[in-house]
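Once you've had a glance at the structure underneath, I'll fire off some questions.
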Amino acid sequence: MAEFFAQYMPAGVAYTLTALISAALLLGVVGVGALFFIWAERKVAGRIQDRLGPTRTGGKFGWLQSLADGIKLLTKEDIAPADADKTLFRLAPYVSLAPSYAALLALPFADGWVGWEINTAMFFLLAVLGLEVFGVILAGYASGSKWSLFGGMRQAAQVVSYEVPLGMCGVIPVFLCGTMSLTTIGNMQAGWFTNWLIFHDPFTFLVFWVYFTCAVASVNRAPFDLAEAESELVAGFHTEYSGLRWSFFFMAEYNSMLVVSGLAAVAFFGGWNGPVPIFASWKAAGGGWEIVANLAGCINFIMKAVLGVMLMIWVRWTLPRLRIDQVITTCLKYCVPLAAFCFVGALSWQLFDLPSPNDWVPAERAGRAAVREPWARGTTGSTQSSAGTSARLAQGSEVHR
Amino acid sequence: MATANREQIIELDVRTDELLVNMGPQHPSTHGVLRLVLKTDGEIVTHVEPHIGYLHRCAEKIGENLTPRQWIPYTDRMDYLAAMNMNLGWSLCVEKLLQYELPEKARHLRVIIAELGRIASHLVGMGAYGLDLGTFSPFLYAFREREKILNLFEEACGARLTNSYITPGGATADLPPGWLEKCEAFLDQFEPVIAEYHALLTTNAIFIQRTAGIGVMSAEMAIDYGCTGPVLRGSGVDHDLRRDGEERYTEMYDGYAFEVIVQKDGHYPRDHDYPPVPPEAVLGDCWHRFYVRMLEVVQAIDIIRQGIEFYRSAEGDWGHPIKLNTKLPKGEVYLETECPRGQMGFYLVSDGSAIPWRTRARSSCFCNLSVTEELCRGCLLADVPAIVGSLDIVMGEIDR
Amino acid sequence: MTEGPQFLETLKARFGDRIRGANLENIDPWVEVAPEAIVEVCRFLKTDPDARFDMLNCISGVDYFQPDPAKAKRASFEPHLEVVYHLSSTVTKHTLVLKVMLPRWKDDQEGVLPELDSVASVWRGAAWHEREVYDLMGVWFRNHPGLKRILLPEDWEGHPLRKDYELPLEYHGIRGR
Amino acid sequence: MLLGTFDLHTFLFVLFALTACLFAAGVLFSSNIVRMAFHLVLSLGSSAGLFFLAGAEFVGAMQLMIYVGGTLVLLVFGVMLTAQHRFLEMRTNAGEWVLSLVVGGALLMVLLQAAFSVSQWNTPNTERSQLAVDESKAATPIGAALAGVRVDKLQQKDAHLRAGMSGYLMPFVIVSMHLLVVLVGAAYLARPRMAVRNPKGGG
Amino acid sequence: MTGLLAVITVSHYLAVGAFFFVTGVLCMATKRNALGVLMGIELVLNGANLNFIAFGSKYLRSESLGLDGQLMALFVIILAAAEAAVALAIALSFYNAHSTIDVDQGDELKG
């Protein structure tokens, strides 16, 4: 696109224009996603609670409810409390939105369908998601309200704690696949669903739930939504916000939910690979067929991610909220040791090459999602077959031999 | 230069840094217009001071200007979640002054209605307690069932919330035909639903973590503060006015088989399949107060079933409301009844005219709330809604 | 409250003429206690093994005063304030009514509240009841842990449950009458 | 025309460098400590962008995670703990400003002069277009180097150097120990000195 | 000016690094708030990091430091985190003792 614009205008302007258009497109995705998830949340919550949820706006299922709400929020007065630090108060929602938006950059939607093919995507995603906390802290701090301050403080303590187990959980697929590139991790899980990393061994199965718990905590959802605990803190960090700024926090929250669910889908659930390899041959055929296969993969991926979000919604409307000390206890006493235990367990499983469900699928005997280093198995034979295995690491292993 | 700088130093002192925050009167978890002034040291609450009176409507003063029957709607608006039980307390108090003998049928009608009111009230208490702990769904499950009770009330008296049904001399009307069958159908449907509440709250691990061992109130403290109802029994005090009250009230429950819901020797009376008491729970904590309410609901179902049978076989009249301007005998009476939230007392002083010289309502929540200051001292911020919620207060009754 | 007479003899034997009298004909018989003895009597009733009145149900104030001069002549009482204590026991299940008679104004000086000892040291729950009586009826409780208005705003004037109370013309710009 | 000659790298460099410098100056010139922290976050975040741009993706992500997401959150937390006059300001007087700006400006001039004077630094890499995209991405070699294997120096001719190619295992261990000690030490230093009330019945 | 930005070289990165460095040093010199000084240190370290990265970038120089540059930067980041933790702990404990985080007040040894 930049090249196209560059024909008609100076390159700098062209790049800026391109960047703005891309940004607007991604923001559209975020916005539409948030609208959909807010509607879904209300609908699911309604069904869970024996009621209908929105029914009127936009037809039978209240399709347009969140759009109507959005318009309402747009027209609301933008209030800043007299005690607030006005600049920071105004900026905080954007600070919250930007990282969750940036995280979409590195999240692959299908093989190669990714905004920015980055080698350290997993790390980047976790890092960027951790930044979202700044918006919350700033909002809590700048609001000039004691309840907001409480929310900000809680959020700071909570997110810093939960980044540790979250990182540990994220590192397990990385180690199993020998790469931090999400595209590679996803591709390695091609084949039958037995090849998904969650079914790789008992430890990865366990660690997914640890990951999910920590992810819920890190995106500040119930039962870990301490920063906005309405029964204690009124609305926590966004108590003083109104209108569109208030809704930015929600767009950020729902987008982060999508991102962590997407990350879970790629890291544990085979990403864009369906449970049954229907599109594998199409993909191999290349050309238009590959695009169709990728499109199917993209739909597959989105379904998985949305399923994760729905799970979070379900949890939210079922469980009571934990107390702040219990949240930290959950993290430090349960999640961190469990993640560490699973880390050691999964790597040992890999090291000793213990059986994995994929071994029992006849067609897929060799295609197990994992790096199989010859030096680790003590054999010199070239048994590793996965396409994504880093050649460099193989090089490195030669040094040892 | 150093001295010049010193003038700009803002004095800070971390060790006495206490944050003074207002929880309420506009706060999502204070059950109406209650205002708690909290002094917090980080997340730890060092001091709580409840401020009440935001819903004060001078009911006692109004009572000095109305006849007892005219005051009935004002009792509705005290504990508006258990209006029937408020009506009952005042009616019994007036009848005590009049030495009125109630027909058999009216007695059973009152038992049925009062126990239904107890269920309806406990359902709100239970659901709202879930809200206090951050879960929304049980609240709606509770209200779904409560609505059915309110439907029954509506059918009996025409009103859902402020019923003014039970009145000195009986009730304003007999139960309509077919009502008993509907009531029985409701009970049959409702009884299994209770398991849902137990699954969502009572036995939920997070719920237990949030309530067990929190806000522990010893039996002595509960008695000393005049706490009554589930709050008192949650502390293990075997005291229920339906059994231990004065005759005017207990004779209403003559012939009914029920046990006082209180933990004895580590067990609650077991005539149903209740979930077990978790090992973390300490007698007198939030969990026990909640659990007592849950068990009282089951027990109320039993009592209503008995009441329906009694009512069916009862002979005679369902009672007649006293005349609006009945002259009250000179004297004074005090009567407490076991309302869902505790012992609701009415004190009536009469100088011989049709209008009481003084009416006084002894509010159960008023006493129950007075423990907050001591109960919340040193707890965490998130425990304040948990503790206040477990007292299950209704501001209308506290402020009157 | 039918058990009043049972404790009357015990109380009379112990406190003598500080038990001013009793009304046993009333539906709820009551015992009248001298104002200066109320704390002692209450502490005795709470600790005495026979009585064990561990629960204070209610403290009520009653204002006996007929503001209408025409009716006042026919009134059967002298103007005074009563503070009524309703006690009960969770152990013996007894109940008892105590009464204290107070002048409407201390030393008959209009505007000076009558004083009474607080029983908050006997039952902690009494503190709020006494605050309410002070707030609405205007009785000053000595040795109270924190006597201030409870239901009405702190800057409210007057005590509304007194029979001669008149609503203020306006309160912070809100019209009263 | 200035804008006409930009390629994407230049464009992004200018973008990130400008934001980074702008907010670095913001840190310097704001007297409100919360704003300083906020500016620092943005400044370090932008410099992470520069890291990405220079091909150091792992370090960039590391910068985001540890520096911005960890250290600075901690810092802001510290600010919140200490500044209960919430928007605490400590102003520097004008004399100090003038003095430090003069010195700082001179220092900056010297450094800039140095940066641009070495021709070896100043000449662009002519083979940059031939550079394989994968070459610059170094997450795996970094991991291997930290674990004691220098996969990027396999072609080392010098036998002595080859023998000493144990990578960064030793520093890595030292740093890990250092971090552990620091964490213990920090926890010890910041422990509450007052008698701590135990929350009643708290878990 | 056009020539200056025509192609981005190591020097450009060094210039940004130099700016970071100077800003950081000035921050350390002028801020009276202990946490402000800490932020200055972070800026200085970040400036140094930028240099390491620039020198280590294959993209900018064919004869680059290679991995060593990145690894150095990595260690600097880790140490900076450690340093920040300790400095924050010291600031807090200083604050507890002196009730201020004005570094000018910390001129006596016993608090």
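As written, the chains take the letters A, B, C, D and E, and residue 1 is the first residue of each chain.
Basically, contacts are C-beta pairs under 8 Å (C-beta built on N, C-alpha and C of every residue); 3 or more make two chains touch, one makes a residue touch a chain.
This is a predicted model, so every value here is computed, not measured.
Chain closest to the overall centre, judged by the mean of its C-alpha atoms against the mean of all protein C-alpha atoms: A.
Pairs A-D and D-E differ in how many C-beta pairs touch across them, and the larger number is found at D-E.
With centres set at the average Cα position, the gap from chain D to chain E is 7 Å.
Rounded to a whole number, the gap between the C-alpha centres of chain B and chain C is 26 angstrom.
Here the CA centre of chain A is 66 Å from the CA centre of chain C.
Centre-to-centre separation between chain B and chain D, using Cα means, comes to 60 Å. Within chain D, contacts with two or more other chains are made by residues 1-2, 5-7, 58, 62, 70, 72, 74, 81-82, 88, 90, 141, 199, 202-203. Across the assembly, chain C contributes no residue in contact with two or more other chains. Residue positions 32, 95-96, 101-102 of chain E each touch two or more of the other chains. Touching chain B in their complex are the following residues of chain A: 45, 48-51, 146-147, 149-150, 154, 222-223, 225-226, 229-234, 317-326.
On the side of chain E, the complex with chain D involves touching residues 1-2, 5-27, 29-33, 35-36, 38-40, 42-43, 46, 49-50, 53-54, 56-62, 66-67, 69-71, 73-75, 77-86, 88-93, 95-96, 101-102. Listing the residues of chain B that touch chain A in their complex gives 19, 21, 27-29, 43, 130-137, 140-141, 144, 200-201, 204, 206-207, 209-210, 380-385. Contact residues on chain B toward chain C in their complex (touch as defined above): 52-53, 56, 58, 60-61, 96-97, 99, 221, 223-227, 232, 237-239, 244, 246, 331-334, 336, 343, 345, 347, 349, 351, 357-358, 360, 362, 366-367, 370, 374, 399-400. Every residue of chain C that touches chain B in the complex is listed here, in rising order: 1-2, 26-28, 54-58, 60, 62-63, 76, 84, 86, 88, 90, 93, 95, 97, 123-125, 127-129, 132, 136, 149-153, 160-161.
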